Amino acid sequence: MVIKYLLEKEFKQFFRSPILPKIVFAYPLLVLLIFPWVTNFNVEDMKVSVVDKDMSEVSRRFIRKVDNSKYFQLYNVRNNYGEALKDIEKGNADVILELPRGFGNDLETSGNPEALVAVNSVNEIKGSLGTGYLSAMLNGFVSGNAKGYGMNMYNPCKDYKLYMIPAIMVMILIILCGFIPALNIVNEKETGTMEQINVTPVSRFSFILAKLIPFWIMGLVSLTIGILISVLVYGMVPQGSFLTIYLGAMLFVFLVSGIGLVISNKASTMPQALFMMFFVVMIFVLMSGLFTPVSSMPLWARCFSYLVPPRYLIDIMRSVYIRGSGIADNSFNFSMLFLFTVLINIWAVLSYRKRT
Amino acid sequence: MGMKKFISLVGKENRHILRDRWTMAILLIMPVVQILLFGFAISTKIRNIRVEIITEKRSEALNRFVSKLDANDYFIFKGYLNESSDIDSEFRKDKADMILHIKGNLDNMSGDPLQNIEVIADASNPSMAASEQLYSLKLIRSFFDRGMKKAGKKGGIHVKFLYNPQLDSAYNFVPGIMGLILMMICAMMTSISIVKEKETGTMELLLVSPTTPLNLILAKMVPYFMISCINLATIMLLSVYLLGVPVSGSLIWLCVVSVLYIFLALAIGLLVSTVMDSQLSAMLLSVAGLILPTILLSGMVFPIENSPAILQWLSCLVPARWYISAVRKLMIEGLSVRFAIMEISVLAGMALVVVSISLKNFKNRLA
Amino acid sequence: MEQRVIEAEHIVKKFGNFAAVDDISFYVEKGEIFGFLGANGAGKTTAMRMFCGLSRPSSGKGMVAGLDIWSASEKIKSRIGYMSQKFSLYSDLTVGENIRLFGGIYGLDEERMKKSGDMLLKKLDMYGEKDVLVKSLPLGWKQKLAFSVSVIHDPEIVFLDEPTGGVDPVARRQFWELIYEAAGRGITVFVTTHYMDEAEYCDRVSIMVAGKIVALDTPANLKKSYGVNAMNDVFTIIARNAGRNE
């Protein structure tokens, strides 16, 4: 069996490499310690500059309420809009809340007061949620509190980390099992060993398979490290079964390394392979719903996202981790992953040409 | 050394880069694709929330409510569920994002309607859950307030979205793309191309030729500087004419800051190349040490103020953070340059430090 | 009649409009050491790559080890050995591991692999270096090792592409002893070189200029017909003529 000798070679080279074994351990560690803290779209503690022209008991009570809420924090009280705008220009405040003369009176008599809310909306989320929260508070202040109104399932504390960590694990797999294979065959081309292999009777299939298997193991090891970190550091245990997670990951790692090998076969220098992979990873990260939801995309982009395989694993990981879904709940995601895995790896074998 | 010699060196580098068509194409297309994706495909705005409604009694008012909900840009009505339906399984199969439980009859609802409508959100994605609640609150209020409100009554909340009246995500992303692309091309490509010469041994060949090492390095940087300028122009043209993101401030200052940033990125590339001696390690260091921090800690996608204090401190070391902040002020918010003095001086200071360290390193290594 | 192990008929290889190999025809007999000479860029490597199945000719017919280079290139690969001008063993594997890898690829069983591996190491006097990483060997040793590995499966033909580039004269001498030894075992040797002194060691040589074979004979006959004493002079005359024709 030729494959046995090829596998021996791949494993020896892997463990002898000065960096690869370290990366497999260090990368998930580093990423999972930093990413979940950063990837957070929650809007909290927006700084408010208030222009209180009413100066009534009611308006002061309302300002205190704004300051006490978890979304806002009083930065300063200004005399007019222009001064408050300066706070925004200097980057000290995010929101201007102007309460006109008669605010308190309007509120008492009609229950429908006038107010001006201006938000620095360069960041669209801050713009929409900031005005939304303030308007809701103004309304809520008018018509009393709406307690017991909503119910948040699965993530009652609205913790962004819970939402991001399962997806970040997918990102780790994309980067590790994408970049390393992408550079692997190109490296053999650059050093000339590829040509030596090409004049031997090795079949394309066994050569590619021998390349894939070590990456496959590597991916599953780094996933396991990721899962361990999420348990130890964040206390996160999947609501569903590990079996579902690993089944998805096994398919996905094969798929991504396959893409890496296709690129490696097409490229002739390492920087070329690096940039091609970079391009692919960029599209994967942006279009898979990793950071921004797929449902917010326009129709064409939502259709396109079906061609972006990581979206299926991200769906699987999130639904298993957060909502406890099983294999049957994710049957569509699994079938699509399987389809792409098969197609990409056929392409990987075909794109490896033993002669030019 | 004469200008002529220098120009011939630059010519050699240009030919090297132009010959590698694939890399060249990717370098030029990358910013275009990023602008297109960020501008048209992805958005942080929550839309198309899939809603299912649990009700015991269909009524004419409910039909009106549902058609109002479905007409709303934020919601898509998916269907009715029975009182006994398994909410959990709807969410687990990912069939809905939000379920409204309407208790009682909408036609003759007494008291606060919010007491009788329960909003059950799948809060897996916290910002989606936040938007679901806000939007549904608004919708329910406007549905029931219609009858109560007297016509022509003054009052209400006036909302102003400063700098980004359409609430377009692209306003936030464009400066980020500029910061990322320029760092990638200048720092990463320069370091890789210098290290490659070291690796293949052609560096020594060039060093024994009658050119000073500094000229050699400068010649390597010129093509990447030019590509960066092309990219910068592409990004700005596309964002102004395609995305409709205006250059509200001074174009000249915007260019000055960008050139300063490009200069800093080139210097970082040189620094990386003096420390590393194989292409692979230079790539890994660039990706892990330059690209990832730029994406994560610059405020490009995620607001820095949401991170823990230690990461916020760390982000001060990321050049892109200062650049992006300066571009936001100068380009999007249209502020005058004195509001960006802090950012500009930090970038200049960084450039000074990096250039002096890398030149010192460079001399030590080769002299 | 002697058995012909390589036969080329009107082989052409074009890159765009440029014919790197421009209609060459020749044959190589079994057991010969055949020198394939030419200046850099004359098309030697391009021609050789077609016989090894690394690239396809644009047109023409060719047989290697009795097999057609168009239809049976993968079968040819198990009957030939190849060593390129770029050193191409795995430098991050040890001497022993490289032998094992290529032995395995060529389908040698464990027993035969051990036997020929040990023999090879003894012959090269490298038994002590079996567990040394290939990258730490001196260049001359690497080349000898690469050659020995390329004939580990006793191929019918071995193709050598400028095998002695950058090696000192003593090591080159030793390298040629290895080639003779392989030829003695019945392996046909097809070698490209631009060292004219090495041409003297060959049974027959062909000289390529600008994609065409302009001379093909034994070194002795070539020297006689050009009226000179050394292959180097033959080559100088041919090169000068070619320059005049252009």
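Order of writing sets the chain letters: A, B and C. Residues in each chain are counted from 1.
In the analysis below, a residue touches a chain if its C-beta (ideal position, glycine included) is under 8 Å from a C-beta of that chain, and two chains touch if they have at least 3 such contacts.
Model, not experiment: these values are computed from the prediction.
Separation of subunit B from subunit C in touch steps, taking the shortest path, is 2.
Look at the CA centroids: the one farthest from the centroid of subunit A belongs to C.
When chain pairs are compared by their number of contacting C-beta pairs, A-B comes first.
Chain geometry summary: the mean Cα position of subunit B and that of subunit C are 56 Å apart. Computed from the mean C-alpha positions, the centre of subunit A lies at a distance of 54 Å from the centre of subunit C.
Separating the CA-averaged centres of subunit A and subunit B is a span of 13 Å.
Those residues of subunit A whose C-beta lies close enough to touch subunit C in the complex are 2, 4-6, 8-9, 12-13, 16-17, 191-193, 195-202, 354-356. Within the complex, the subunit C residues that touch subunit A are 52-56, 73-75, 77-78, 80, 82, 84, 86-93, 97, 100-107, 159. By the touch criterion given at the top, residues 19, 23, 30, 34-35, 37-45, 88-91, 96, 106, 110, 112-129, 131-136, 138-139, 143-144, 146, 148-156, 158-160, 162-163, 179, 183, 187, 267, 269-272, 274-276, 278-279, 282-283, 286-287, 291-293, 295-298, 300-301, 304, 315, 318-319, 322-326, 329 of subunit A touch subunit B in their complex.
Interface residues of subunit B facing subunit A in the complex, by the touch rule stated above, are 20, 22-23, 26-27, 30, 33-34, 37-38, 40-50, 87-89, 91-94, 97, 112, 114-115, 118-131, 133-135, 137-138, 141, 153-165, 167-169, 171-172, 184, 189, 192-193, 196, 279-281, 283-284, 287-288, 296-297, 301-303, 305-308, 311, 325, 328-329, 332-333, 335, 339.
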